[in-house]
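For clarity, chains are labelled A, B, C, D, E and F in written order, and residue numbers in each chain start from 1.
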Amino acid sequence: MLLENLSYVEVEAYLVEKDIILIPIGSVEQHSPYGLIGTDFITAEAIAREVGRRMDILVAPTITYGMSQHHSAFKGTVTLSPVTLINLVKDIINSLLNQGFRRIIFINGHGGNINAVKTAFEQLKYENKPGIYEIISWFLLPEIQEMERDIFEDKNGFHATPSEVSVTKFLRPEAFETKPKEKKKIEKPDGYFPLSGEEFKKLYPDGRMESAPWLAKEKYGKLIMEEAVRIIIERVKEIAKKKLF
Amino acid sequence: MLLENLSYVEVEAYLVEKDIILIPIGSVEQHSPYGLIGTDFITAEAIAREVGRRMDILVAPTITYGMSQHHSAFKGTVTLSPVTLINLVKDIINSLLNQGFRRIIFINGHGGNINAVKTAFEQLKYENKPGIYEIISWFLLPEIQEMERDIFEDKNGFHATPSEVSVTKFLRPEAFETKPKEKKKIEKPDGYFPLSGEEFKKLYPDGRMESAPWLAKEKYGKLIMEEAVRIIIERVKEIAKKKLF
Amino acid sequence: MLLENLSYVEVEAYLVEKDIILIPIGSVEQHSPYGLIGTDFITAEAIAREVGRRMDILVAPTITYGMSQHHSAFKGTVTLSPVTLINLVKDIINSLLNQGFRRIIFINGHGGNINAVKTAFEQLKYENKPGIYEIISWFLLPEIQEMERDIFEDKNGFHATPSEVSVTKFLRPEAFETKPKEKKKIEKPDGYFPLSGEEFKKLYPDGRMESAPWLAKEKYGKLIMEEAVRIIIERVKEIAKKKLF
Amino acid sequence: MLLENLSYVEVEAYLVEKDIILIPIGSVEQHSPYGLIGTDFITAEAIAREVGRRMDILVAPTITYGMSQHHSAFKGTVTLSPVTLINLVKDIINSLLNQGFRRIIFINGHGGNINAVKTAFEQLKYENKPGIYEIISWFLLPEIQEMERDIFEDKNGFHATPSEVSVTKFLRPEAFETKPKEKKKIEKPDGYFPLSGEEFKKLYPDGRMESAPWLAKEKYGKLIMEEAVRIIIERVKEIAKKKLF
Amino acid sequence: MLLENLSYVEVEAYLVEKDIILIPIGSVEQHSPYGLIGTDFITAEAIAREVGRRMDILVAPTITYGMSQHHSAFKGTVTLSPVTLINLVKDIINSLLNQGFRRIIFINGHGGNINAVKTAFEQLKYENKPGIYEIISWFLLPEIQEMERDIFEDKNGFHATPSEVSVTKFLRPEAFETKPKEKKKIEKPDGYFPLSGEEFKKLYPDGRMESAPWLAKEKYGKLIMEEAVRIIIERVKEIAKKKLF
Amino acid sequence: MLLENLSYVEVEAYLVEKDIILIPIGSVEQHSPYGLIGTDFITAEAIAREVGRRMDILVAPTITYGMSQHHSAFKGTVTLSPVTLINLVKDIINSLLNQGFRRIIFINGHGGNINAVKTAFEQLKYENKPGIYEIISWFLLPEIQEMERDIFEDKNGFHATPSEVSVTKFLRPEAFETKPKEKKKIEKPDGYFPLSGEEFKKLYPDGRMESAPWLAKEKYGKLIMEEAVRIIIERVKEIAKKKLF
């Protein structure tokens, strides 16, 4: 059930029964020479839509651009400032609250979005807005992280991970025809966070963070995505049952 | 050439030869009981991608949410505030300028975005940023408006037009299975702009603005989209040739 | 009827009968060596006051400073940022709405103000404010543009036009004693908009945009101003009759 | 020497010799039933222009709207928010600094502007901007306050004072034909500052603050204005001589 | 070594050798009838100062007010908005960076501050600022949480915990003379986060979150604080050794 | 009565009887080689707490950081931007108003805070907030300035004054063991205000402004503080008696 394909009359009917909506959010940022710039929103969108399909709940259009300042020294990265992202999220939630939605769940594909999105939630509560706001980052789910360790052992790393690359490979295999396949060394530099774009590039010169994206396979992607969908459905069910204050 | 499917290495190669990029921008807003909430970004995205495909130039991920405050009294509309949209556009352009892009063209599907996007352009120039920034609203192209008059005569109206509904029908025919088909009366109330959400709904109770969306047909959508693509290619070619100051 | 010359008691009496007010808005920016830095607010103010006088409606004090970033490389230009202009216009309208005004019409003398002023209108409607907000740019009225073609043929151009210079010459002849009279060449460079201050100066080195301000004459100014007043009165009458939502 | 009547070529010539400019700033606010809504900018403008004329220094267009929130419950008052005024002043000074001006003096007619204008000065210095920024409030000059005590004894009060009303009567006698002449009681309530619009009106129901505006006379206005001009010239001379850091 | 007790000459000497500084940050918010409104900054300040004393590193003045919107329905809570806290933290870090500090560590006593402080860090990096910025929340250290489980078993809860109350009891025993001692029931309602002030109060009517603050003892406070100091010293040592990018 | 040592239950009891609260505000800025970086908040805090103690009124936690941009070229100075300080003060007052406080008095130790704090008051009143907001700068009290002239004659100056240094010496004698004692020359340069950090340092190379901080003595500090407390108590009593509008 994609919001974008409905008319307002259909949304009215939906809101009679449900007050929940999923919003995919990702980023437009480098994922090493091996991965797609759209990785984070492509994965979040696919997972959110599959959850929505199975649960018969509404999925809003994807927020494609996120907070990716640390990747900004690599070509093709497009980042919002944290403050812009806060306001974007606030405006979207405010509209949905005005429509009658009360359980607003961001399905997130990118770690850099988390602080800003949560700050937006807090700013809305500071302004006394009702409702449950949640951000579920699929790649941080303990079950996913366990699966990643099972498949990729200590080579999943933290960015351009074989896990997320596998999911995009499953979703868009044709986009990988032009990507490299050779292995590289995995460095584990002693860094800190956050980093500016230039600092990040010094520390991680090809954009990977301790990861082996060449290990990505479509079949892993299918498995990982299925597991993410399964777990998120459980979480969403819990949220759907909560009493509102 | 979708930015989202590239790696930063591929963007580096692109930037050696070209400095132009298209960014589709739409809205998430009611389009009467006949049209899709995603109409504006669905059309802008499809047109921009076809232009990009034929011209071999890069298309950035779609900005799905736009400035739709006047539709906010209808369920399913999600609007950014004008000021948020200004900052969103500014941040995106700033990132692209830092990457080396210099000709940044928004392919726009929604009239409500125009003032804010242009104000963002001006704010960037106030901050002495280089480059050409352009917004091309496909539905305002004179050639498109002429074609609309030819096909729909005086029934195209200004919102939920049979023209834009035709394009989405061509692109997503399955989404129209649940939409109504009967004709309604076309009212031409004496209003003013801009209007708040509540004011708009009083003036246009079912969300249409003097339009007959039931006239939409896939074959018209194909024609209109093809014409929009053809004209925009001409415009983009002109921009690609301009000397930068 | 100038607001500045009334007491609040007189404004109370006015508001019993009318809810309309005119606000002149201009800019402080170079108008080539031939024209006055104050051209845009001087013309807007004179036209608005004459409209107000003939229609017996209130004229607020002039907003002298506007958005002129593209002229900022020429001495004497003073520009607001677009965002400041948005907030200025919002605050002024908010005050007038609180007083009971409902039809608020900006009589504008400068193209650079338009996007920001309209964005301010939209931001107010986003905040659910009542009323009709309009911006009438006298130099963009079709009737004025036709008159300009009749008088100046293809030499009116887009900035420091003989049309606006004629109006200021009619209003302040003494200010032209120190201005040059010789003709220059009219260049028509292939540019783009918006431009930063430095970019603009490279493209238009003496501040004219394809115009021949030396053709300005007091008698033309009188004619043009009279026509602008006449047309704007018609527009204002229409606005005064509109039903409020 | 009014900036508005010059061309940029004339400003270039001025800047070769001088780096000083005066900017009149006032407000659009009630001044009791006896005084003009434009009192504060009318007086500031007239004084600044006379200073400029005698000293042969440049006077910028008047900032007509100021910070008048405490008068907002009276019809005709139009107020900027303090934050908007800060940004307005910052933008204007930034433009003038870019042009080469270094001594920027606001000639102020309204007490409510002072904190915001000074905060703008501080924000600019926080941003490491060069130059001397000064605000001279003519009605707070000790010499003027002494003259007010001489003429009006304890009846000058703090708003809609016979002093400022006299100056406007001198400048615009015709505007007083419709104003009342009868005396009222002078109340001295025990209040506090700042006050909101509604609080102010409760404390000062006809808009006067302990003043007797009916005592205003053109001849006093002439005297007071002359004295203000004289003193401000002395101050401006001192500023013109200061060494810049 | 308290920054507040030094002169700039002494700070110059410090900066020759070190570039690290600790900044305690807390909140002013209710901590149930059993705990102190200042709990979070009192504990953060005491811990930071002890760390600074033992390590001979500088401690800046305490940021007493934090982001406590969820406690705002209880008297005495004073909260910043998240956006204000972001700007406060940004300004403080910017000043310290300009002075030459490069390792800036917030010692935090309040969970509500974390998202905003981290967003401030990210905004600074978005603006390409150098340095390591860290927030260490003493109550979230795994070693502290283990100690809490050892001492208070499942009764520590999430707010007004016996752990933090013990530390304040150790630091300010006299403040507890007027506080109650009786036990209450521990509720574990099924809530969500974030909550507005009113929502929080409905869920947690006396301000505790699943905690038994009556279990607090000075001797536990001494133990917990000592452990926090010990662990934070280790963390700070690691940060002090990191290579800057 | 320190807010930080109370529980919300105790604040509820207080608010039944009183609606007044004191908030100390200072700065973190150089005070020459002779004085403490914390001078302004240390003095404000001590004075406010003594006033609170004697009057049995509540004292909120100290706002340690203030607006000190002009001192920013000296190591150890940490400054908020004026705009951040405005928002900080607004948020704090808004919280206190929501709690039922109506007389909110800032006890100020730093001149640089005054414009921003007053602008915050005005912005709140622009937003129609109730209550009395006051800032009392102890060092600007006429009685204190007279005492300073009596003790230090013409050597008190304007920054790092022997008066404020005496008060800190009285409060924290141990902090002065490492400070110099020798006399320096007192310069009276012809400057202007405000100044940027670099400009200030050029004008006042060791951070003093026409002052002789070596004259500071504990006994003077005791006297001055006692007088400040005495006078402020009188002022606070007046405020406590005022009728609210």
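Following the convention adopted for this analysis, a contact is a pair of C-beta atoms (placed from the backbone, for glycine too) under 8 Å apart; a residue touches a chain by one contact, two chains touch by 3 or more.
Just so we're clear, the structure is a prediction, and the values are computed from it rather than from any experiment.
Least step count on the touch graph, chain D to chain E: 2. Chain centre most remote from that of chain F: B (centre = mean of CA atoms). For A-B, the equivalent interface among the listed pairs D-F, E-F or B-C is E-F, as over half of the contact pairs agree by residue number. Averaging C-alpha coordinates per chain places the centre of chain B 48 Å away from that of chain E.
Between chain A and chain D the centroid-to-centroid distance comes to 55 Å (mean Cα coordinates, whole Å). Once the centre of each chain is set as its mean CA position, chain C and chain D turn out to be 25 Å apart. Chain A and chain E have centres, each the mean of its CA atoms, that are 30 Å apart.
Residues of chain C found to touch two or more other chains are 79, 81, 83.
Taking chain D first and chain F second, the full cyclic order of the chains is D, F, E, A, B, C. The touching residues of chain A, counted against chain E in their complex, run 67, 69-70, 79, 81-83, 86, 112, 115-116, 118-119, 121-123, 125-126, 128-130, 132-134, 190-192, 194-199, 202-203, 239, 242-243, 245. Taken together, the chain D residues at the contact with chain C in this complex read 2-12, 15, 28, 30-38, 41-42, 60-65, 72, 74-81, 83-84, 87-88, 90-92, 95-96, 98-100, 172, 175, 178-179, 207.
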